[in-house]
Amino acid sequence: MTQERFHGTWYIVPTPFTQDDRVDEASIARTVERAAAWGADGVTVLGVMGEVTSLSDAEREAVLTTVAKAAQGRLPFAAGCSAASPSLVRERVRQAASYGAAAAMVAAPPLLPDVDGLARFFERVRQDTELPIIVQDEPNATGVRIPVSALLAAMTAAGSDVVKLEDPPTPPKITKLLAAAPGLTVFGGLGGVAAYDELNRGAAGTMTGFAFPEILKAVRGALEEGDRVRAARIFDRYLPYIAFEGQVGVGLAIRKEVLRRRGVLETARTRGLAPTVDEVTSAELDDVLARVGIVPGPEPLEVR
Amino acid sequence: MTQERFHGTWYIVPTPFTQDDRVDEASIARTVERAAAWGADGVTVLGVMGEVTSLSDAEREAVLTTVAKAAQGRLPFAAGCSAASPSLVRERVRQAASYGAAAAMVAAPPLLPDVDGLARFFERVRQDTELPIIVQDEPNATGVRIPVSALLAAMTAAGSDVVKLEDPPTPPKITKLLAAAPGLTVFGGLGGVAAYDELNRGAAGTMTGFAFPEILKAVRGALEEGDRVRAARIFDRYLPYIAFEGQVGVGLAIRKEVLRRRGVLETARTRGLAPTVDEVTSAELDDVLARVGIVPGPEPLEVR
Amino acid sequence: MTQERFHGTWYIVPTPFTQDDRVDEASIARTVERAAAWGADGVTVLGVMGEVTSLSDAEREAVLTTVAKAAQGRLPFAAGCSAASPSLVRERVRQAASYGAAAAMVAAPPLLPDVDGLARFFERVRQDTELPIIVQDEPNATGVRIPVSALLAAMTAAGSDVVKLEDPPTPPKITKLLAAAPGLTVFGGLGGVAAYDELNRGAAGTMTGFAFPEILKAVRGALEEGDRVRAARIFDRYLPYIAFEGQVGVGLAIRKEVLRRRGVLETARTRGLAPTVDEVTSAELDDVLARVGIVPGPEPLEVR
Amino acid sequence: MTQERFHGTWYIVPTPFTQDDRVDEASIARTVERAAAWGADGVTVLGVMGEVTSLSDAEREAVLTTVAKAAQGRLPFAAGCSAASPSLVRERVRQAASYGAAAAMVAAPPLLPDVDGLARFFERVRQDTELPIIVQDEPNATGVRIPVSALLAAMTAAGSDVVKLEDPPTPPKITKLLAAAPGLTVFGGLGGVAAYDELNRGAAGTMTGFAFPEILKAVRGALEEGDRVRAARIFDRYLPYIAFEGQVGVGLAIRKEVLRRRGVLETARTRGLAPTVDEVTSAELDDVLARVGIVPGPEPLEVR
């Protein structure tokens, strides 16, 4: 797995639904196409923000088919392949590979009682897998808090050198991981709420579903040019919106609503039980977008 | 939903796997056929003990197909239809109905943060569903502890009057539920470890994967005849094995090993990360079976 | 309990320690005195940020003695009285009252398995208590997620109409609480990270240990004058620092370090296992303070 | 720490309360005296079953004073010294040592988010401590699941070679611990529900509050004489009662009620929110005691 391939601003594609609750393939294709236009270095599908546990296998496949086609020639894509057992993960990894995915993203099995079991899990996941594995550290969705020692053991077992963090606070975890294994590729996540510090701590990029990847890319670009002042100015300027979208629970609905306003999704519909964007939240959204000077649209945001 | 239909000793069918990790349909059919011979009043498939989160949708369907055929004319079956979102649950309920299931068993969505959301979840599950819903109270597998008030609200929302408990200690929860809603049908579970007290507290039966449903049926039969002394004698006699099989984690592997010894399963293979029956556990199993006087075999156990 | 008494910007006083790990009473007195100078409407001691579970009873009492003296004639104080059993809470409430506390703040007992038990807990807490109770919704420190229904039941049982929220996201919970019980006094918390939305949703104030209460007070002041634009401008300007201090885990150490820089605490020492401010974090802190234009000092911050 | 000193059947003393909710010192003394008469090899106080989080420091000290006096010349005692921070643990360890305790029992700090921190915690606990540390693995009371790797690291950091397990299922964890560190002294716990398998797996004894330590001692005695058949017969005979007392939640109240019936405690009162022995539970208790042939009394039970 080359460092060149997995770094930068990866965009996590949500799974859009039609008004009658079917997977909306046209919106998926549009999202991938727009993500490329907005400057994403890759896209990830079938993750937590893709509401993957709410999809049937047929719907999973529909997403993969659509994304593979839309991404082709534009940008690489990673596919979430998490499941409760190694054999089901392996099946999903094979499927992802057959669709041309650049990597499979795999989290701990839900509610794993004993983190010593994590390396065993990833060892069995790895068995007949050629596709690079991105280990996903996602306590909120899995109920599993992974200490750095177990995370490193899992990565070794998976033959993986790429990890995506969602366990706040992410910046010190990045420092610990890179101190223990300097060659790792660590992606920040969490909707970008700590992107500036993550990147300063050595993150190779951000992989998240934040609705304006342009902003995260601009922060990273400035840092890569050594211009910390500019990076901070951009990050700080948009932070009120980043933090607003980053709210636990309602965050996904806000993100989908903003993508709808950007002309990418047909609806802001979600499937799970997370709260939707009600009238009050919608007014807060208008307010915060105005405050940071964003008018949502399909064209790349001019980040200043 | 009639009280007559849902009571008694229901047997939860594990999902057997072949040596090369495929779903073993012949063993499923044999298990269902044997469960009937052992006196089960019904069978339940695709539950936690069926390792349902480790199955692909195609495998789910294979299980349903096989069970529907094997159960027909023998005994009713319930199908686990749990999922993270109401729409996926509904799809599974429709599927279960199309295979002739007598009921759909549905647990809380995994890691639901707010039990106030449970009634909303079941309300949306119910929408276009005719099939009776068995609400499953399963904190260990879902990470959701459901207080009695939220459980009752969920049942009302689901239009359900049948609940299966797995939240220890189950006996006092049965008392609380029946005090609040005397007409409920409450099944005990937990491998039968508290079956005697559960039934005395008013449980309509036991729904569990305990490998000798004959024992649970005999306990219930004695209680229904008013013979508490006999019920207790039977329960107490077999309790060392019941408690041994009821161990968290390794319990499923023990159960499958015993079903293998009963000639029902081809292998004791499990898919998840739970420990398997190693040499020490196997010796303990031999020991405890000898202590309670069980020689595992396909014929109904003569319970004394 | 009058609405007038409990509203505004309450400042949660950390428990400072000397270099040799004793409770630093001089620093406590200084903090209370400065909190008044910075415009706090009240102070709260012996809360989660006061590392109360790391204090002996003698140390608790030393804190109370010092605060009572320092607060007298300056501003009212509330005392954390949480404990695992109602009788111990009651003892602490009596103690708090004897020191002249204006209210007792009480959270759910740690790891309470069944939120239906919360009302019973607060009913027993209330028994012989005259002191107003502030119910604290603190899932992170207690391991107990309290749904709105159980929170309202607990407040009724406690005879309380004041609640402090720490369960993110707080803004929608405020809306739900006030919709159900319009007269409630709801304090936001969480280090102020959502203070602007909390106040807009109807929070009566913010009760948190954020190291610059002047900022939260200024946001609230602007909103109370109807000047949302100014409120947002202030909040947004300082948000990079608010979010930085608000980090889980390391947040307390950052806060103590900043209070040390403000000349209030002798050391930034913490007692628990939470990470301390290492070199990298310290550099990040310098950076973010510079970005928002804060030079920490004992005088009230001029908030613009 | 010598293996001879820490092995056998240690009895965990509950904290009895008077009718008006004060610590009942006379009952404590009586319990210790009876525990010796019943054949306990040591007693442990101020543990989870001692409702230690519901005691004030003054009450802690009263318990220690009473136990130290009652145990002197009779049997060694260990004292629970758990707390949220190393400094408070150390203070409690010093106090326990000053009262003549043979060891301090220390669990993980509640809700510790990252098990990598456990060794750091115990390293700081150890610092100026001479008293042997018994590491307590108590996920139910602490909310912390400790994998074997972290448990071993914690023991090394604490300079401890004695561990007490309460994380079910305990038997396989014993095997794993002893395989990794053959010299460890491992106590089983959990009310004795798995005592027979624990001892067969190599446990040095059982440390639990089970109300009839005579039974656990007899099981161990038979195994030490190589008479597995007799050990199993005793264990199996009493298992219905062991399992009944071992119920989560209500178990402590049952235990106290039985100790009341044995003439040891004045009342069965508990302080926390755990359910008490209501009428139905009391009838179940009568029933199960009769089934196993126990008539509770102060004299040592004749175990057959």
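Worth pointing out:
By written order: A, B, C and D. Residues from 1 in each chain.
Simple rule for what comes next: a contact is a pair of C-beta atoms (placed from the backbone, for glycine too) under 8 Å apart; a residue touches a chain by one contact, two chains touch by 3 or more.
These are the chains along with the protein names UniProt gives them: A, B, C, D = Dihydrodipicolinate synthase family protein.
All values reported here derive from a predicted model rather than from experimental measurement.
Both copies, chain A and chain D, contribute mostly matching positions to the interface they share, with over half of the numbers common to the two.
Farthest chain from chain B, judged by C-alpha centroids: C. A separation of 37 Å divides the Cα centre of chain C from that of chain D. Centre-to-centre, using mean CA coordinates, chain A is 46 Å away from chain D.
Averaged C-alpha coordinates give centres for chain A and chain C that are 33 Å from one another. Residue positions of chain D with contacts to 2 or more other chains are 113, 117, 249.
Taken as a graph of touching chains, this assembly is fully connected, with contact between every pair of chains. Those residues of chain D whose C-beta lies close enough to touch chain A in the complex are 113-117, 145, 147-150.
The residues of chain D lying in touch with chain B in their complex are 168-169, 171-172, 175, 193-194, 197, 200-201, 228, 232, 235-236, 239-240, 243-244, 247-250, 275, 280-281, 284, 287, 291-292. Considering their complex, residues 21, 51, 53-58, 83-88, 91, 109-113, 117, 120-121, 141, 143, 249, 271-273 of chain A touch chain B.
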